[in-house]
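One chain, subunit A, appears in both complexes that follow, with subunit B as partner in the first and subunit C in the second.
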Partner chain A sequence: MTDDELRIKSIHYRKRLLKYIKKANAGHTGGSLSCVDILNVLYNRILNVSPGNFGEPYRDRYIQSKGHSVEALYVVLADRGFFAESELETLCRHRSHYVGHPTRKVNGIEQNTGALGHGLAFSVGVALSAKKDGADYKVYTLLGDGELAEGSNWESLLTATHYGLDNLTAIVDRNNLQLTGRTEDMCNLEPLAEKFTAFGWSVRGADGHDVAAMTDELRSVPFDLGKPSMIVAKTIKGKGISFMENDHKWHHGVPDDEQYEQAQQELDALLAEYE
Partner chain B sequence: MAQFSIPKRDETKEMRYQMGYALADLAGEYENIVAVDADLRSSSGLHIFEHYHPDKLVKVGIAEQNMISISAGLSQEGFIPFPCTFDAFCRRFMDQLYISVAYSKCNVKVLGAYVGLFTGKAGATHQSDKELGLLLRIPNLRVVEPGCNEEMRQVLRTAAETVGPFYIRIVRCQVEDNEIGPDYRFKLGKGVTVTDSGSDVGLISTGYMIKTAKIAAEKLKSKGFGVRLDHHPSLKPFDADLLADMASKVSVIVTLENHCVSGGLFSLVAESLAREGLQIPVGTIGTDPEDFIHTGHVNDLLAHYQMTSDDVVKVAEQTMSKAGI
Partner chain C sequence: MMAFVAGQELGKANIEVFSETLLSLAGKNENVLVVTSDSRGSGRLMSFAASLPDQIVEVGIAEQNLVGVSAGLASTGKIVYAVSPASFLSARALEQIKNDVCYSNQPVKLIGISAGVSYGALGSTHHATHDLAVLRAVHNISIVVPADNFETAEAINAAAQMATPIYVRFGKRPMYHLHGPGAEFVVGKSLAVREGTDVTFIATGETVYHALMAAVAMEKDGLTCRVISMHTVKPLDAEAVLHAASETRVIVTVEEHSVCGGLGEACAGVLMQAGLSVPFRIVGLPDEYTMTGSQVEIFEHYGISDEGLAQTAKALLNQ
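Right, the complex of A and B next:
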């Protein structure tokens, strides 16, 4: 798949996740839009995981610690054939498995997440298992930047280094916003990369919306043998929709009819650039 | 040379040390068992496990949240992790237990060590007498509190051989090897009638308190009362049928728990009786839900919280008296 084909996919993913959030009248719009390009690269270029091998010991594992951005994950999994996209018509409905945070009742999801600060520790357990078993699969996890205020993450950062888990890659969706405002106004994270480095991780930065750059970084892991890898992916919350970008109000905002139409038109205009 | 002294298996009666031996034995049988330690192994008894299986001990540092979620990850890949720290510190990892383990049905067997009053002189930070209030209300989680070493060994085996999350409350102190009988077999979800000499008083114990209940039963019998003693190691699932049977046969019930008298055994009994419409007076033995546990020798604490066998006799008599018996 070419970079342009991936870019077109990203636009379609955005259209779909907005469609289902609009239909459900619920969802984490801003964060899904900020991480969807990362998921696109992971699932279409990096991860050795598919509906055919899901459950096989050799598959790569992806654990989404920032579980609230599940709508991005759902549309990517549907596109990869883990379930029929029509299932997403039931998003957030009573008795639907497609709830507002990931659960293992949905094919393709490795672990229930949603309470923040759990996914990295779980991923450490999985990566440690691979080391103990001598297995060569890789483990990837996606963290929110606001999530990093949860202290449990820093426990896990220590443990991953202690055990030299170079089969583990964490990606921070660094969009600088959380529910009530700027991350740096809530709990200052910077200098973030230096913190991860000081904890013993091998750290790189990338534009989280640049599929080529993210591909290069993800294909380079482990950055250092014997160390876990961290990618601080610079992103824009609400990416792709002009009036949603960099506005924390869209953390779990749902567009009204007019806003929804405008959003889809903006994405259609982007698609037209590739025709 | 071992880093920590290893008490001899045939000499120590402390449940924590016998747990270390029992888990080491099980790990010899099940190669996928691992223990996970948050730097308390020389206290919890896991150092004995480490002595026999150094490669099967995962150390995570003093990081209880990490310990539980890492265990969930290990279980996902086929290991059977037994994370172990002081029961009091489950207050630190309750969310990890709830989400990463129970909600996800991970095959993790948490060992809560040093439960209740028998923690020595550490004070309220390290004593755990309120935690069942949440633990007993976590879906998918089985909660078991063995009362003697033989029962503890059987509980560990059941946990290893039963898929799904467990929480096992382990007491620090010395206990008898077998309080129930040579033919006793622990069954998840089942209680056991230990003695039955009549229909005046029904004693219901869990965990360590079986010992106190047995002594109290003898004292009540010597006073001329008929006593039945049921022991309920399995708190979740709870043997409501055995309780209903007891309630239909005795005049009053007294519950005995190494925990406060709200949220734990008494609450299970009271809820179950109310649900079934069984009207019977129930007295309680346990700590005070409105109190942080004091420091002091365990005998001082047992006297303070009125948890001795003499207190059981007193509560039984008061409960009968109130009921006009």
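Right, the complex of A and C next:
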């Protein structure tokens, strides 16, 4: 798949996740738009995981610690054939398996997440198991930047280094916003890369919306043998929709009819540029 | 050979039996792992670490990490025993237990050591008098509180086979043997230690022995007591509770735990919902910061003792 084909996919993913959020009248819009390009690269270029091998011990693992951005994950998994996209018509409905955070009831999802600060410890456990078994699968996890205030992350950062888990890659969706406002106004994280480095991780930065750049970084893990890899992916919350970008109000905002139409038109205009 | 009499022969501390049982399991299966949070000393796991160094994972003093990492290991098919003092494991890491283990159904075996008031005079920071209550309210976990060495070994072996999460908690004082040859341990099914018709003591963990001694003493007064080891607090053996209500005159529940939300209230719920009314007392730790003392002194202070339990039962019979 070419970079442009991937870029087109990203636009379609944005259109779909907005469609299902609109239909459910619920969802984490800003964060899903922020991380969907990263998921696109992971699932279409990096991860050795498919409906055919899901459940096989050798598959790569993706654990979404920032579980609230589940709508991005759902549309990518549907596109990869883990379930029919029409299932997402039931998102957040009574009795649906498509809950507002990831659960293992949905094919393709490794672990129930949603409470923050949980995905990294789980990923460390999986990566450690691979090391013990001499297995060569890799483990990837996506962290929100707001969730880094949870102290449990920093416990797990220590353990990953302690065991030299170079089969583990964490990606921070660094959009600088959380529910209430700017991350730096809630709990100052910077200098973030230096903190990870000090904890013994091998750290690189990348534009989290540049599929080519993210591909390059993800294809070059581990950045250092014997160390876990961290990618601080610079992103924009609400990316792709002019009036949603960089506005924390869209953390779990749902567009009204007019806003929805405008959002889809903006994405259609982007698609037209590739035709 | 002398016939077996419950409560006569002193065995080992349950923690010692846990450690021996785990070493035996792990020696036969390299997928058995133990995960510790600077707890290998209090968990009696030094010899495990020396014999099977590749099967012990240390995470440092970080209980949330302990449980999260254990869930990840379990997701790959490892048989994982996460070992930490019950107080910290069940409080500090409660959200990890709820989400990473139970909600996600990663069948981690959570081992709460130095449970209840085992840490005695170290104080309430170190006491686990809340763990049964909080974990009872979490879906998809079995809660087992073994009373003696037999129950401990059986619970640890049973845990290895379970496809759903389990929490096992015990203390570090030597325990008397309560079950003779032929006893059968099943998670969720209580074990009778003694039969009687006046009183039923439904006890759990290290209090079962004291209930038994109270029953022995009351026999001198012409009163006979049933003593049940309710080793599994969840799922509760409701049938045994209902039988006690219909076959004996009063029920006394006994636990090394707060009277709020533990075994006693679980039994009361069974009785109320069955429409059964029977004189009933919950003996445990009252809703206060526990009195300073050793485990034995704390037990005696709150009437979790041979004499205290006999007095409670007699008072209930005389109501």
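Observations on the model:
Note that in this section the second predicted complex is superposed on the first by the 275 of 275 C-alpha atoms of A that agree within 3 Å, B and C clash if a C-alpha of one lies under 4 Å from a C-alpha of the other, contacts with A are read in each partner's own complex, and residues count from 1 in each chain.
Please note the rule applied: a contact is a pair of C-beta atoms (placed from the backbone, for glycine too) under 8 Å apart; a residue touches a chain by one contact, two chains touch by 3 or more.
Being a predicted model, the structure only gives us computed values, none of them experimental.
Three-chain overlay on subunit A, with subunit B and subunit C in a clash.
When the shared chain is aligned, no partner comes close enough to touch A:18: not subunit B, not subunit C.
When the two complexes are overlaid on their common chain A, residue A:158 makes contact with subunit B and with subunit C alike. Shared-chain residue A:130: touches subunit B and subunit C both.
In the overlay built on the shared chain, the residue A:115 is in contact with subunit B and with subunit C. Touched by subunit B in one complex and by subunit C in the other are residues 57, 103-104, 110-115, 117-118, 121-130, 132-133, 151-152, 155-156, 158-159, 162 of subunit A. By the touch criterion given at the top, residues 58, 60-61, 63, 65-66, 68-79, 81, 95-96, 98-100, 103-105 of subunit B touch subunit A in their complex. On subunit C, the positions that touch subunit A within their shared complex are 33, 54, 57, 59-60, 62, 64-65, 67-78, 95-96, 99-100, 103-106. Subunit A makes touch with subunit B in their complex at residues 57, 103-104, 110-115, 117-118, 121-130, 132-133, 151-152, 155-156, 158-159, 162. For subunit A in complex with subunit C, the touching residues are 57, 103-104, 110-115, 117-118, 120-130, 132-133, 151-152, 155-156, 158-159, 162.
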